[in-house]
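What follows is a set of structures to go through.
Both complexes shown next keep chain A, but they swap its partner, so chain B is in the first and chain C is in the second.
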Partner chain A sequence: MSKDVLLSAPMMGKVIQIDVNPGDRVEEEDEAIVIEAMKMETPIYIPCDGTISKVNVKVGDTVEEDDLLLSIAPE
Partner chain B sequence: MRPYFEKMPEFGKALKKGQIKRGEENALDLKAVETEIDAAVDVIKNAGFSEEKINARGQMTVWQRLDYLVDKGTWSPLHLLYNPADNSEGTTNVIDGLGKISGRWAVIIGFDNKVMAGAWLAGQAENILRVTDLAKRLNIPLVWLVNCSGAKLTEQEQFYANRRGAGAPFYRHAELNQLGIPVLAGIYGTNPAGGGYQSISPTILFAHKNCNIAVGGAGIVSGMAPKGRFDTASAEQIIENTRHFKSHPPGSVATHYDGTGFFRHVYEEEEGVLDGLKEYMKGIPAYDPTFFRVAEPAQPQFDAEDLYKLLPIDQKKVYGFEEILARLVDNSECMEFRPDYGPEVYTGLCKVDGFLVGIIGNRQGYLGKGYPEYADYPGMGGKLYRQGMIKMNEFVTLAGRDRIPLIWFQDTSGIDVGDIAEKAELLGIGQSLVYSIQQTDLPQMMVLLRKGSAAAHYLLGGPQGNDTNAFSIGTAASEVYVMHGETAAVAMYSRRLVKEKDAGRPLEPIIEKMNKIAEDYKTFSRPKYCAEVGYVDEIVKLSDIRKYMVAFTGSAYQNPTSICPQHQMILPRIIKG
Partner chain C sequence: MDFILFLVKTTGFLHLTPGMVLMWCIGIGLIYLAIAKNYEPLLLLPIGFGILLANLPLAGLMVPEEGLLWKFYHYGIQWEVIPPLIFLGLGALTDFGPMLARPSLLFLGAGAQAGVYITFFVAQSMGFTIHEAATIGIIGGADGPTTIFLASKLAPHMLGVCAVAAYSYMALVPIIQPPIMRFMTTEDERKIRMKKTRKVNKLEKIFFPVVAALLIILLIPAAAPLISMFMLGNLFRVAKVVERLTHASQNELLNIVTIFLGLPVGATMNAEVFLQPKVLFIFCLGLVAFSISTATGILLAKIMNLFPGDKINPLLGAAGVSAVPMAARVVHKVAQEADKKNYLLMYAMGPNVAGVIGTVIAAGIFLTLLK
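Moving on to the complex of A and B:
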């Protein structure tokens, strides 16, 4: 079984939207989470096809750069 | 230099399923705005008398004349919605754009003979000056379709006089002639007074048999020598004079072809005038495109329709600039200049229709740890920082040396602010960029992809560079304002809110005013408004942006006023290292 792929925050900001839930099947480039910083909304995209194992944040959370957002079991 | 340009590194990626799915709603939103723009353009096209009515008089409409004159597929209209004086006619009453005639690029402009027989209206002179500036900047011919009944007399005070009023274009025609730029004029219908000077000021006059041009037309001649009041006798005299001049108008072909010889040619048919223009355009100085091309023309590797899924209409959402660019330039190839410096800005060499162009564009989104290097806060694309502005200064200066036309893609929220930014010299480096752009004396085009805001709007190749910007186009996502409406409302009312709060008064009236400001900013920044007041020269469909880039580039290379031999260019060598 392959290891989960981890998706981290590329920047500090506030989580304003989460588009996936644990168990969801996702495809590369699906939008996963939106982080707001400096008045701009930055979407974070799924890096590979797979299934969401865990979502580590909730809407309203403030995240720092490199904080873990979610993990994906790759196909 | 063939190894440099023939095959450059490829960039861009095909859309993934997720992007396609996510972009569908965005595409619909963008296309809805484009449909609104189309509807507004249709109103202009259908202004005044119907095509049937004009044709029944034995005349073609300006649109039919343009259609006959311009090479198929090359017409790139500008200023269709431009109406800075908010005329009730909805138009300045001239139709203009870039197009090829007999295979050569020209700036083409014609009076709309459906609307008051092509009268002068408010804002028209400003429109014409934009057009003469365009011919000057691109050093290509100006082709007129004159059919001008003179001033709309009930509104003459708005445009007749003044420094940039209705007489100024005649001086611009003289200026173009002095610069060696020909102004060709096909002349139709009755062209008295101002219409007469519209007709006489070009370089070569091609007349339709029924046209006339005169210092004063029948209407004026019939009523000259005022007596202080009108009475029955004077009315009878006017009737008699009018009948005479209607059948024998001043300045007809008999006078100005047979007599003065002002008209170089006279044609029986309306199409004949246009055929004459086409024939002369074949002899206009123009390099064969192969003289300047660096590669065979090629389409981008990716579909322009992708742009609707890639460019978010929501100004808060970020996107990848290179993915946009990959859908606009030949074979999606580029040579990027200083990719590891100034990440908020893309600078690079690309090809458009086989010609070399310099591209500058704002990147969007988070700029990475440690940038800007002078501050402890993160940098976000769309904003300009020290490195990005230094990089643009370098790129523009080198492009000027190498005589490479520039295309700018603007989507900016401003320049970094605060005392840290001041110490980083951003004010001075910004003005240095203005200096760099001005000293290039290069033709430049600006695409306002989304936002033009704050001082950064002035620095990025836009219309404020009167001598360098040939024209600017906007998109369905374009917005222009000094700052966001909500920011402006806070700037205006924050102290008042404090005052009202301290006085124990209700805040609602102030909140209402703040919301009104925010709403007004929205109204006065949207694409249609930008086109009406001239912030951009045209709102263009995303799928047509490349067409305008081709028109600009082909025009800029048709007969440039200065040349850098390709093998003596330095910018590509600096990029290669």
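Moving on to the complex of A and C:
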């Protein structure tokens, strides 16, 4: 089995929505998480096809740039 | 009978002019845009109401030495108290981190001021006086307090119009900028992803406002009132030892002065001053200034890409106008249209805050050369 692909936060902000759960099958460019920064909601998209193995944040968390958001077991 | 006639004459009704009623419509229009469309409501709402108040006969709110709004205007704006206090609050709200992480993006904040200067020459050739032309040009920086500051010094009779133009274009950033941005860049350019920036440490953040204040004020002393307050506010923020002052600058003080900024700005717009064909030209030229600024910012980013080194996404140039953070948000959105996984927001904040400084410097240069 290949190594998990990690999705980290591209910018600091507050997590306001999580669209995926562990075990979900996802495709590249699916919306994964919505972060609010500069009073704007920014959707963060899935980097590759695969299955979500772990979600590291919850709604309301404040994340810094590069914080791990979730990991994906790629196909 | 005579007595009733006398009473009627003491009311304002007999003294109303069609111009005043037309101004009411404009004031109500701004209030409508603020409430229904959420266009810069913090400013357009008090400005709109100020317009209503300034066009009521016999009320005398703008009578020199006597009127209430005249006092706000004279001691707040003409004495240049309020715009610098606004800048204190903006300084406390501004994070220079993204700009310090990639100082080359500073140039984009300067490049996007080209519209200011180009429009200055265009307005002059159209018959505006040199002072009026400078005030119209500064609208292109899309910075409200700076526009008001410069107008109060160079062309007070145009203050209201220019302020409304500046705030309208700030509100319309998401509508005006994207077509220009798409026209000026290719799909591939919009897809350029930025290289990760370095981390900025606390010491750099503390040094910046101090060094920038000294340097800019030494270079352009006329920019001192705005730059000094802007950098002081920022020093409050980054020092992290005066949370109370930071908080007060960002919230209570900023909110209070915002009230005293909008109302008298609106009140400068009475029918005689406002209802002239000139005013339409001012709005058009302001839009031209703002569009050129957007375009030259992008152009400069493309020129920077001709040099060896990491390529930058030319859309960032559009964030060089100082509408913070609207311009940065627009850059982010247009880039995501081309590539969903391109997140430019924080990169765009660099040129965006640089643009604020750039517009203040442009105003300082005008003041130095024209006063």
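The rule is simple: the second predicted complex is superposed on the first by the 75 of 75 C-alpha atoms of A that agree within 3 Å, B and C clash if a C-alpha of one lies under 4 Å from a C-alpha of the other, contacts with A are read in each partner's own complex, and residues count from 1 in each chain.
Heads up, the rule we're going with is that a contact is a pair of C-beta atoms (placed from the backbone, for glycine too) under 8 Å apart; a residue touches a chain by one contact, two chains touch by 3 or more.
Everything numeric in this text was worked out from a predicted model, so none of it was measured.
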*Is it chain B or chain C that touches the larger share of residues in chain A?*
B
*asked:* For A:65 in the superposed arrangement: first (chain B), second (chain C), both or neither?
replied: both
*Tell me which partner A:47 touches in the superposition: chain B (first), chain C (second), both or neither.*
second
*Considering only the touch criterion stated at the top, classify A:75 as touching first (chain B), second (chain C), both, or neither.*
neither
*Mind working out whether A:10 is in touch with chain B, chain C, both or neither, as first, second, both or neither?*
both
*Which of the two partners, first being chain B and second being chain C, lies in contact with A:37: first, second, both, or neither?*
both
*Look at A:27 in the shared chain and tell me whether it touches chain B only, chain C only, both, or neither; answer first, second, both or neither.*
first
*asked:* Need the overlap of the two footprints on chain A, from chain B and from chain C, as residue ranges.
replied: 10-12, 29, 37-40, 42-43, 45, 65
*Which residues, counting only chain B, touch chain A once they are in their complex?*
16-19, 21-22, 314, 316-318, 364-366, 369, 378, 380, 382, 413
*asked:* Using the touch definition from the top, list the residues of chain A that touch chain C in their complex.
replied: 10-12, 29, 37-40, 42-45, 47, 65
*Please name which positions on chain A make contact with chain B in the complex.*
10-12, 27-31, 36-43, 45-46, 65
*For the complex, which residues does chain C have touching chain A?*
325, 328-329, 332, 340-341, 343, 345-346, 349
